[in-house]
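So, here come the structures, one by one.
You will see two complexes here that share chain A, one where it goes with chain B and one where it goes with chain C.
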Partner chain A sequence: MSFTRALMENLRVKLGAMDPLPPPPPLPEVPFPPSRVFPTPRRRSAYAEAAARHTTALVGIGHVGTRYATDVVLQFQAELAVAHAAVGTELPEDWAEKNGLLPLHSRVTSHRQFLLRPDLGRRLDEASLARLNEKARKGVDIQPILADGLSAVACMGAGLALLAHFTRECEARGWSVGTPMCARYARVWLEDEVGQTVNAKVAAILLGERPGLGTGDGLSAYLVYRPRIGCSDGDRNMMSNIHARGAPPEQAARRLAVLAGAMLDQKTSGVPLNLAGLDLGDAGGGGYRAPEPRVRLVYAGDAQDKNTKERA
Partner chain B sequence: MNLSASIRGVGYRFTSVTEVLAKANPPKSGDDLAGISARDAVERVAARAVLADITLAELRAHPVVPHEIDELSRMVESTLDEGAYSAVKHLSVGQFREWLLEPSTTGPTLRALAPGLTPEMVAAACKLMSNLDLMTVGAKCEVVVRANNTLGLPGRLSSRLQPNHPTDDIDGILYTTREGLSYGCGDAVIGVNPATDTPESTAQILTRLHDVRVRNNIPTQHCVLSHVTVQMKALDLGCPMDLMFQSLSGSQKGNKAFGISIALIDEAHAKMKAMTSNRGPNFMYFETGQGSALSSDAHHGADQVTLEARCYGFARRYKPFLVNTVVGFIGPEYLEDGPQITRAGLEDHFMGKLMGLPMGCDACFTYHARMSQDELECLKVLLGAAGCTYLMSLPVGDDIMLNYQSTSFHDIPSVRRLLGKRPTPEFDAWLNEMGIMDGLKPGERFGDPSVLK
Partner chain C sequence: MILDRIVPRILSVRRLPGADPALLTAYGADPARHFALGLVTVDQDDSTYVALDEATKHAPVDVVFAKSFYAGSSHASGALSGEILGVIAGADMADVDAGLQALIRCLEHDACFYTANDAGTITVFPHVIASLGRYLSAQAGLQVGDPMAYLVAPPMEHTIGLDAALKAASVRAAKIFPPPTETNFAAAWLSGDLPECQAAAEAYAAAVVDVGRKAWDIDR
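Our next item is the complex of A and B:
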């Protein structure tokens, strides 16, 4: 026997290897039925009902120990899948033209590159710059730019409505509005190069914001006075959550026009822009509006949801 | 100072401390975006070998943004605790790492050392550490602060309750707040990111949250995370404000993009000192996150870990009650996936704690980053085990206004039970009195928001 093996053997004896282990204690009976299983589907709690009149947050959902009930887990996973699907959706190449918008394209060449290289999403590719120079109206007060941003779903959804409402609000105030256009693979700062090229006083990019859980329909707008390459975030004013649960497009357009008006008056934007005393009217977002209810997404078995379509 | 190394006969030569720090960093999409990362794993090790031999004194002499163009660099230099610094200045970064890991280097020693460290020293040590190294040292650090309750004691894990709403509907905010409290969340702060950044709405939300706090006698504090200038105006309107908030960046230029400067935060701090509704002595709240400097082209060729540490150098000037990194919030262009976000969370916690801050973490991902829900849940446990002061908490982790996924109301009691951690002592007593918790176990009224008035 080797020295090491002898040592190990010795140690085993010392630790009681010669004595058999005591018998394990008997296992308890499994109680029947398991004590804390919820009937499915559960009714919504009174608290959840009351809260739903004011928020889409998932409250009043109960718990199993400190964790979620199974139907909550499934709803969460379905909503996560919706968000990921929205992120993965791309704006079709011909969408802008089909909708009567001047098509622009950033320097990005793939969706993954779009996510990892915001610097390329902030600049126009050569063909787009040439097209802009050739076809767009120059020297305007306001240049709106519709764009995909992080949700092509939102751009293709409420994007056109927001662009139309905003254009109407601006024209109603007597401002000249630039050629309607739509940019693909675009980041916020793309408005600087576009605005500079068309010599606009204010550039306003309206773009899909990053999808939330179960959504992907939200738009944001970023406005900048005297757009030029080299502007930073502190030079911009923004509005987010332009969707049915936040500010609907019509209301948002009015608020953006008020903001653009302040920029034209004060000849500045961003941090130095004084927002005190702006008359937002009902566009201020105050007052009560019922939130859009959160839709139950998962039903096992035969369709209980009248919108269900068979998956091919 | 030596700036070269060789690996298997291949020589690597670097031109500056800033370059060595950047190339020693573990892979981050943000450093790739800035064009400053190591070209491969071998060059990364070479940079680490060089860094391991650089002394802390040399790092002090070479901040990544020069004094001449950056007020943060100047402020850190002029306010450094020379006594604490002189105890470690001769150590190389490699020796410093080992000294930090020694069991004889205890929490109180690290707390005493904190004012003598520059952000560059802390970031350098971070780059030589594995995730478990970061957790080992992070867990040793003890940073205790006090407002209406006492945060950061050993064996505690706190949470911010984050009842955000896309239109600031105050009833919606309060429904979410009561739900969160009934799960034992909210001992660090009840903090709302407002959709509308005006003094009036800031004051209104603060006033209504204050009412809930007073009516239910809850030992915690509240905050509305609007821009610091907006909060100062809200104070003038005469509202209660327990904590004042601001996002920070790691360079003067980055802070300018946030619309702030040292002078402005000094002014806000002085105003808050005179007017805060909390018992103190700590009343500031700061948020940071890797990538914020680069996103405003204010990184000066430095990597995002070092710039993050510089945010902490800024924050510690004000002895804040809360600091947290919002680790996966900015997006995949800075932290691409689960491993990068996990690593960054542990790095930021380690660096903040080592600089003497009550460091929390918003462990989170945006839906366009490649991190799974399971990876995120793991990170919460890692942070809890690393002694993280607090995590966030939202209904199902879903921020319906900012559109990202964070910690949930259910996660907080789950992680606490798993790790044997409790909330702040004052809040713990309140939870037990209300029947929400029974020690570490859920109490009779757990998850029942009707327990709150």
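Our next item is the complex of A and C:
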């Protein structure tokens, strides 16, 4: 519409080349992003706080967005690594002999086969059977069997102590205890064949339990009355978590002896066994058990400092 | 910012449907032809001269009175005085109303002063009229419909700018108003083809801006 206005617009552009631009307006101060956005401040509930003190399970660990916090993941990986290492460890072939135990061997021929064929781990091979018939005491009250199970680490760790304590407890009660022996590549049910062969009243196999997170060194004990091939799990009584952070071997041995005594008295085991009135400590009844502080087997990264601080 | 529009402020618009013949005569109207008057005061005189001329293009009205006030709108006699009183006269009120509408539209959208320095303390009026109306053509001694460059600036800027404009384009000075005018500016009306008038106005504005940037061009 206006000639003059268009003219002046053009002229301004032309002169604008010579016209120094005004200094740009100062930018508003941009705050730096916070150096640590996640995790949001840890506000653990009192329940999680209290519960975490009594278990090595990863409870009350919070979250970062939809994921675990880094220290939790590291802790998880560290504990998983311990479990993997325990599963992968093999009992040395001469370990039993070196420790003065009668060496036995299941029908398993390799570690891989041991993991994949539980049925072979439940039977003795020919040589072991012959050795057992030849060297073991027969007709005993209690036949303890140390075995590697799924954690040779546990067997080599607290195994000897548990065997010694258990033997002492049994002998103190006046029972005859069978030849100390150690089975390699053994599953729980191997105690049936061993106990049947030595004609024991109670067979007790003490073997490394399947490692879980943070427990690569736990032992379990399975007791069966009148062992014979074909016994089922319903015929057995067991005790797990025998390690320094759970039931220490000495305490566990006493409870196992009480359990074995009950079997001898009642002439049965497993489901039919009446546990009432037995002095099994905390493990015996279904009543209140005072929570015990738990300690982790491994600490990852700075979790150790944090945990020790939390506990302090 | 340079060459920014300074939009004129229309301070008052009044109509006189049947003015007294004595008044009509005193303000230069012809009582035989003119019965209605339209009056405006604006704070920019040269924009208003252009707008009054625009009114004559849109309605059968005559510009009977248009005078700038001394020393400009900064020294006005009252809040509504501004810099100029313009009066258009017509045979009836409808004609005057149509003329006033055209005048107001021109002031609001076309004719205006522009800033010539960043502070806005120097102004320039480098206006190009594509087609003259009856008022300015008579004033300038040109034909109705001729293009014209209407150039106004303060005295020093105008003098330099006018020289640049006359040299930049094939234009002829129809009328030169040396300083001071009533408002202490200086002005010139240049005639030529429309592109020549535009080139002249552009050169004029550029020169005014240049003087504003460089008030001295000798070494002290």
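FYI, the second predicted complex is superposed on the first by the 224 of 312 C-alpha atoms of A that agree within 3 Å, B and C clash if a C-alpha of one lies under 4 Å from a C-alpha of the other, contacts with A are read in each partner's own complex, and residues count from 1 in each chain.
In this section, a residue touches a chain if its C-beta (ideal position, glycine included) is under 8 Å from a C-beta of that chain, and two chains touch if they have at least 3 such contacts.
What you see is a predicted model; the values in this text were computed from it and never measured.
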Worksheet item: In the superposed arrangement, does A:Phe76 touch chain B (first), chain C (second), both or neither?
Response: first
Discussion item. Quick one: is A:Pro211 in contact with chain B, with chain C, with both, or with neither? Answer first, second, both or neither.
Written reply: first
Practice prompt. Using the superposition described at the top, determine whether chain B or chain C touches more residues of chain A.
Written response: B
Discussion item. On the A-aligned overlay, A:Asn241 touches which partner chain: chain B = first, chain C = second, or both, or neither?
Written reply: first
Discussion item. Quick check on the superposed pair: does A:Met8 touch chain B, chain C, both, or neither? Answer first, second, both or neither.
Written reply: second
Worksheet entry | Partner chain(s) touched by A:His54 [first = chain B, second = chain C, both, neither] | first
Discussion item. If we overlay the two complexes on their shared chain A, which of chain B and chain C does A:Ala127 touch? Say first, second, both or neither.
Written reply: neither
Discussion item. Applying the document's contact rule, which stretches of chain B touch chain A when the two form their complex?
Written reply: 29, 32-33, 163, 165-169, 171-173, 175-176, 179, 183, 195-196, 198, 256-259, 295-297, 331-333, 336, 366-368, 373, 394-396, 398-401, 403-405, 410, 413-414, 417, 442, 446-447, 449-450
Worksheet item: Tell me, which parts of chain A touch chain B in their complex?
Response: 47, 50-51, 53-63, 65-68, 72, 76-77, 79-80, 83-84, 86-87, 115-119, 150, 209-213, 215, 218, 232-234, 240-241, 245-247, 270-271, 275, 284-285, 288-289, 291
Worksheet item: Can you list the residues on chain C that touch chain A in the complex?
Response: 1-3, 5, 109-111, 114, 126-130, 194, 198, 201-202, 205-206, 209
Worksheet item: Where on chain A does chain C make contact in their complex?
Response: 1-5, 7-12, 14-15, 19
